[in-house]
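Multiple structures follow.
One chain, subunit A, appears in both complexes that follow, with subunit B as partner in the first and subunit C in the second.
Right after this comes the complex of A and B.
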């Protein structure tokens, strides 16, 4: 809990300390906020279900993974306006979101059904479960202690 | 470099080692990677079983190990002061496979307690470290030996696969 409170103030102090020194090279730091909005989670949940059906892929046998990724997509949708892939490290998130390669569904997924987030799994994948649906309740339960 | 900017920016890089036998120690799990051992993510049991080296019928009693939270002035400091090779997990809060790996890393750090130290780095909190090692996909695991990257792989894997990878890497190139 302490860490959660620390993080926002750390971000604030970092940007205010550093900006006088090298303002030109400092980009605003965008971090995951505590929780994505309910509205975005619902949007990304529906999207995930639809896209799994459309692409013939399945959710992970451990729905916790699915839930975390859906929330990650929702979080980026909130902060960047686009569901940037949550399973990557970026130099400049707003630029990436604007560019689009890694906006879900990302190009590797669209072209080769490759989803390293383990959100959309082809049936032959060891971790693929039998389902293409996930309820809001399931998402809430699996991510309750995060 | 983000780490040296403010005094409060002391990175809390934790080595997660959970006591398996003593369930009460679960509450002492590191708070820095607060999502580590307390998620409800679970592997189906047949994928979770970790084979420890010996096959003898006597059950192996593991000494209780408490999760240790250590503070280092920098990541370099951590690497420099470690006597064992270090397995570093670069992760992010909302990365599904990363959270999936959390309990597996705990298990593996107990199993290979004497061989390797396990550390997790939140790439959103320490982007400069992630940039330094060119991290792209998450999770990325780097095994550091003598302070330098020795082996590197991406993606989630089972406990067995992870133990195998670590043992192979450390054995072959020793």
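Right after this comes the complex of A and C.
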């Protein structure tokens, strides 16, 4: 699943090698975990802001948690086509994405405003902050060292 | 097997850790801390004050306090990421301390907070508790066999093999972890 994500970047880096000397000495590294695309991160960021406003929930005091979850959603959107909850382990990810229970916003969130990812927090939650917005810059900064 | 299920932290939870808005790595202490042998070299510098290699400022420096021993400087993280096989070997082998296994995923927000808490716990308990973490994206089959669902999931394994393991799901307070370790031991 993750390999197909790497395919475009793999091809891109190969095309940049001109001399045969480079090809033998430098080999592109295939990383186990890909960074989600900027487009998906932006889509999930906008979704998170909009859904927080709509549901009357707030982001975590620690925006790093929010950033990581948004990136996780973006990563699943890239690989599975649907933003599957990043804070769960699944036996069969594509099947779960198709089924939809854990697609963000998941059923527990929609029914009971329960988000165990700590992305959408009700105002009475100890970890809830005052904000319902997060910028792309904040996301980038918080996840820069990951 | 006792099962603690917490979705949101209880109101009595005391925020024991500080929220860092920018970096998530535990405090990475610099590697260039002066070695403990510095006081000796300073005193030896004083005897060779005529040597042109040493500037006057270094010769006359007084050591005000001894540098830290750097107990936790050598490694970046105290909680090590291990493979499924290593976990099984640890559990099957002789256990004299409780083992805490943290199942996490890269893009799981609460797992990062849990990792910070576990680092603090590792500093507190040092060698009295063995804390390890397993990446559920890497060790897919192991996580499936252990029926890990929500993340983070903690597995507290007692050194006493007759006792059942305790499993918690979600972010739990540091005090709850301490209570489990104390009651287990």
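The working rule: the second predicted complex is superposed on the first by the 114 of 146 C-alpha atoms of A that agree within 3 Å, B and C clash if a C-alpha of one lies under 4 Å from a C-alpha of the other, contacts with A are read in each partner's own complex, and residues count from 1 in each chain.
Here is the rule we go by: a contact is a pair of C-beta atoms (placed from the backbone, for glycine too) under 8 Å apart; a residue touches a chain by one contact, two chains touch by 3 or more.
As the structure is a prediction and not an experimental result, all values here were calculated from the model.
In the superposition on chain A, contact is made by A:66 with both subunit B and subunit C.
By the touch criterion defined above, A:75 lies against subunit B and subunit C together after alignment on the C-alpha atoms of chain A.
When the shared chain is aligned, subunit C comes close enough to touch A:125, but subunit B does not. Applying the stated contact rule after C-alpha superposition, one finds that A:114 touches subunit C and leaves subunit B untouched. Contacts of A:136 after superposition: neither subunit B nor subunit C is touched.
On subunit A, the surface patch touched by subunit B in one complex and by subunit C in the other comprises residues 32, 60-62, 64-69, 71-73, 75, 86-89, 91, 116-119, 126-127, 141-142, 144-146. Residues of subunit B that touch subunit A in their complex: 2, 5-6, 8-9, 12, 31-32, 34-35, 38-44, 47, 90, 92-100, 123-125, 127, 130-131, 135-140, 154-156. By the touch rule above, subunit A contacts subunit B in their complex via residues 1-4, 6-7, 10, 13-14, 17-18, 29, 31-32, 60-62, 64-69, 71-73, 75, 86-89, 91, 116-119, 126-127, 141-142, 144-146. The touching residues of subunit A, when paired with subunit C in their complex, are 32-33, 60-69, 71-73, 75, 86-89, 91, 114, 116-119, 125-127, 141-146. On the subunit C side of its complex with subunit A, the touching residues are 7-9, 11, 13, 15, 19-25, 103, 105-113, 136-138, 143-144, 148-151, 153, 170-171.
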